[in-house]
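For clarity, chains are labelled A, B, C and D in written order, and residue numbers in each chain start from 1.
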Amino acid sequence: MVQEQSQVISVSEVARNTYVLRFHSPRIARSVLAGQFVNIAVADDCDPLLRRPFSIYRAHGDTCEIIFNVVGKGTLALQKKSSRDVVNVLGPLGTPYSLESEGFMTAVLVGGGLGVAPLPLSTLILRNKGKELVTILGARSSEYLVEQHLENVHVSTDDGTKGMKGTAVDLLASLLPTQRWKSPKIFACGPTGMLRALGKFAVDRNIPCEVSLEGPMACGFGICQGCPVELVDGRSRYALMCKDGPVFDIRRISL
Amino acid sequence: MVQEQSQVISVSEVARNTYVLRFHSPRIARSVLAGQFVNIAVADDCDPLLRRPFSIYRAHGDTCEIIFNVVGKGTLALQKKSSRDVVNVLGPLGTPYSLESEGFMTAVLVGGGLGVAPLPLSTLILRNKGKELVTILGARSSEYLVEQHLENVHVSTDDGTKGMKGTAVDLLASLLPTQRWKSPKIFACGPTGMLRALGKFAVDRNIPCEVSLEGPMACGFGICQGCPVELVDGRSRYALMCKDGPVFDIRRISL
Amino acid sequence: MTKTSFSIGGVQFPNRVLVASGTFGYGDECSSLVDVNKLGAIITKSLSMNPREGNPPTRIVETPSGMLNSIGLANIGVERFITEKLPFLETIQCPVIVNIAASTVDEYCAVLDVLEEHSRFDGYEINVSCPNVKEGGLSFGTDRVMTAEITRRLRPRTKRPLIMKLTPNVAFISEFARAVEAEGADAISAVNTLIGMAVDVQKRKPVLSTVTGGLSGPAIKPVALAKVYEASRAVKIPVIGIGGIRTATDAIEFLMVGATAVQVGTMNFVDPSAGVTIAEGIQAFCEEHGIPDTGDLVGSLDARVDSSVLTSWL
Amino acid sequence: MTKTSFSIGGVQFPNRVLVASGTFGYGDECSSLVDVNKLGAIITKSLSMNPREGNPPTRIVETPSGMLNSIGLANIGVERFITEKLPFLETIQCPVIVNIAASTVDEYCAVLDVLEEHSRFDGYEINVSCPNVKEGGLSFGTDRVMTAEITRRLRPRTKRPLIMKLTPNVAFISEFARAVEAEGADAISAVNTLIGMAVDVQKRKPVLSTVTGGLSGPAIKPVALAKVYEASRAVKIPVIGIGGIRTATDAIEFLMVGATAVQVGTMNFVDPSAGVTIAEGIQAFCEEHGIPDTGDLVGSLDARVDSSVLTSWL
């Protein structure tokens, strides 16, 4: 975990209301693992006060990228950044996907909406590991889809404008019987509702599944205790989303 | 007084740390009088919360200009604006210089530092009225001087890098005996310390003098009662800087 | 079409967004910028018996997401108000609530008596955040007995709505709410400003001439909301929510926690039409959610009260 | 070279900028990001006798220039603190103040007794913003008698500095300051969070699971400053100023109004090295102004006290 004053390189629109911010951050770029995030100070003044968390979308050489939707004042401020600006970035934060594990042969990457964010970095690592790769994306409609830097992509949209009409979980359910995935494991990211449905699907079929969660955070590195995630059993009632997560084995948590 | 959503046209640096912001504001541009000001909303969010007051520097056609130094977060936000931005402008506000009065023949415009702000608009009006014009500027050093759009300019700098070494008041004092100004009247703007010295100078010599003041404001149009200016006599103890001013006859107020 | 009107003490208000005392002058100053008839009501600057010059400069200072003021209740006094401002107020339709400030209980009564002679006024809001000169200048508003006493003395003098405006600078605002309800107040306004301070470190002096002042603006919204929640659960009379309201969403938060109406204060300085925009925003929210009456929002919060932090750990 | 150190109750602190309880963990979490030895002291997260899981989500929400929290004093309990955190704390030089929370007076005593067995700790800060289970969960901190009682019971159990941390949610903090001074507290910390609230209007629910929570951050700075001013004028013991400190200038404001030292809270979440930066900034200010000792700033405000708004009109 380091704090870097990062020069913004570019902000570009890659899909409807969807932006990629690229910044110079050598220490984070070199150490980040797939599923980890950064916490970015978006304003100079006091409003918005807190940093904003974003998954690392891509990292190459000295640069990192995040991908985001403009949903409020913090993301609006980020969208307005240009190469004249510097942002203060804290990272890499959190527990990554356990992509290095030997316990699976096929990685099924599932991204709902901007849940695509941690998937390109995951793809890169999985490819190097020589794992089989399937990517399943869900989006509201085709104009919101971000399919770059992924492999073996299957697509669903809520309105049917591209791919299967339905959710990413629907698509997964329809694919599963037809495909011959050798010892699959799901790595997912997306809205809580989707993760809940996906979790049920995976547990019912006994497919291992790791999900990356989202929720309010103040510090992002474990000192405020502001980000509890309810555990289903274990010694403690809560884990911290920012430190013990954002990636959790679906069987450990209650969504 | 109107409230306009004004398209920013440009922000340009005209002297050291000194910027001119030009914006499209037809209703204000057409009605503003010299010495009046606008109150500009600088941020979308809550910090900084209040508008920032600026004298109108120039107005032509549908556009207005203000000139400012970056001194804090509000002026920093303005400096960062570009032609992609819109600012909300309230104006024109306040009581202008009484340039239309018959009581003088020579207008001695005195600007200390960014007190030059209301002078170009004054120059335009005085020129149309056929008045004699003398302009006296004071600045910290030559790089801070803004001499455009003025007439018959005399300059002083604190460090002597241009014109007389000394303050604008020193310069005025040295010019007065040598010039043959027919029934002069001073119209000044600048830091309170300078206005105080200038006021004493003018009152001692019985030269009429109007000054434009600066100070904290919340609303800028008379509803918060936040901007009292102490009066030397009269029915009330205070006038409102934003409404009764910012221009006052120096004999009416206690600085 | 959503129903937006409501009534307090028999007076009908066209909508639930009022402009707060001291932030909209006497109603006439903003009339070129905003259609005041689209407001729920205008609440005037606090009026005292005699004109007050107010405090020396500096009277205001900006703070993060807020501002401090120490105006000193500068006002033209009730007589000049009648002669100079009533004529304009006669020309507009929206309700006018006159806010009264005083430094003795007798003065409150005297000001109200003058106003009672004029039929234009729709009610009174009583500012109890004033120094009680008989008690060495301590604020009436932090003393429950005095706050009740002011209510008791004013109540029989008018049939118009009597709205007691409470200060947040107390441990439990519910105690004050109950006290004024018991004395017959028609409604409560909550809250006035929080006591705060700012220092000029270069000059080593307080920024405000009076050392401390009143904090307002979005910064205080969370505190105001908690106070309104506490007050409205303690009494049956309507509570008018005030403090840091900037958007329609802010106003709806206040309605949901139990406010019957809201007041917009500091934001009038930033945007004199804030009140109208917020009133329209509440209506749009209702239309979007199929809510027939803005009153349906009032107290509609789904909260497990027992788990309030008042009985929990921070 | 400016003198930056000072002492409270015989303990020497290297500088006047401490990190506030609950905003810096137990001291070890941030050690990779910031040189903790450059802090005036670390104040730990509040510790109770037994571990506490904390409140259900949602525990935090951002507000204009601030945040609300309802952590529920999630902590590992004093025993695990000793076994898991003491080893790290032994490796650093800066003073460590342990903050204690409890729901009975006996529990405060019991936690302190455990800590007394370890020489590493330089003092105690007592968080009285806890629900008093014997009184139906009302906060100890808004009850002057209970606040005094906790002090009285703890005082004889330790020779180390006993710092009572007061809540701002009272009308007159000076009364509480005097009460704990009379019972032998070595110092006062002021302030804890302001009670506040936020609503999710789409869900019609409070954002926080506990309905209300504690407001902190720059938004509360003006209020905290006024409380510290009031408290420090009421007592002779040192007051440690807390609330919304973001910059060295903010910290100097607190020192000038009378704080002997300050604590940085919420800003640690935004910048874990805020405390160190602020300590350096205070020193730079002193050097620039030819001030030989940061202590010369303490109470150096030039204020005409009689004109405070407490005895004036807002």
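The definition used in the following text is that a residue touches a chain if its C-beta (ideal position, glycine included) is under 8 Å from a C-beta of that chain, and two chains touch if they have at least 3 such contacts.
Everything numeric here is computed off the predicted structure, so don't read it as measured data.
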Exercise. Along touching chains only, what is the step distance from chain C to chain D?
Worked result: 1
For this session: Could you tell me which chains are in contact with chain B and with chain D alike?
Result: A, C
Seminar exercise, completed: Greatest Cα-centre separation from chain D belongs to chain B
For this session: Using mean C-alpha positions as chain centres, tell me how far chain A is from chain B in Å, no decimals.
Result: 53
Problem set entry | Inter-chain centre distance, chain B versus chain C - centres from mean C-alpha coordinates, in Å | 36
Exercise. Measuring from the mean C-alpha position of chain A to the mean C-alpha position of chain C, what distance in angstrom results?
Worked result: 46
Exercise. Taking each residue of chain D in turn, which ones touch at least two of the other chains?
Worked result: 55, 64-66, 69, 71, 217-219, 246
Exercise. Could you say which residues in chain B touch two or more other chains, in rising order?
Worked result: 45-48
For this session: Draw the chains as points, connect those that touch, then say whether the picture is a line, ring, star, complete or other.
Result: complete
Seminar exercise, completed: Listed in rising order, the residues of chain D that touch chain C in the complex are 52, 55, 63-66, 68-73, 101, 129-131, 136-139, 142, 169-172, 192-199, 201, 203-206, 208-215, 217-223, 225-226, 229, 244, 246, 249, 252-253, 256-257, 285, 300-305, 307-314
For this session: Quick one: which bits of chain D touch chain A in the complex? Just the residue numbers, please.
Result: 22-25, 29-30, 32-33, 45, 53-62, 64-67, 69, 71, 74, 217-219, 246, 266, 268-273
Seminar exercise, completed: The answer for chain B against chain D in the complex is residues 45-47
Seminar exercise, completed: Per the touch rule, the chain A residues reaching chain D in their complex are 1-3, 41, 46-51, 88, 90, 215-230, 236-238
Exercise. Okay, in this complex, where on chain A does chain B touch?
Worked result: 43-48, 73, 76
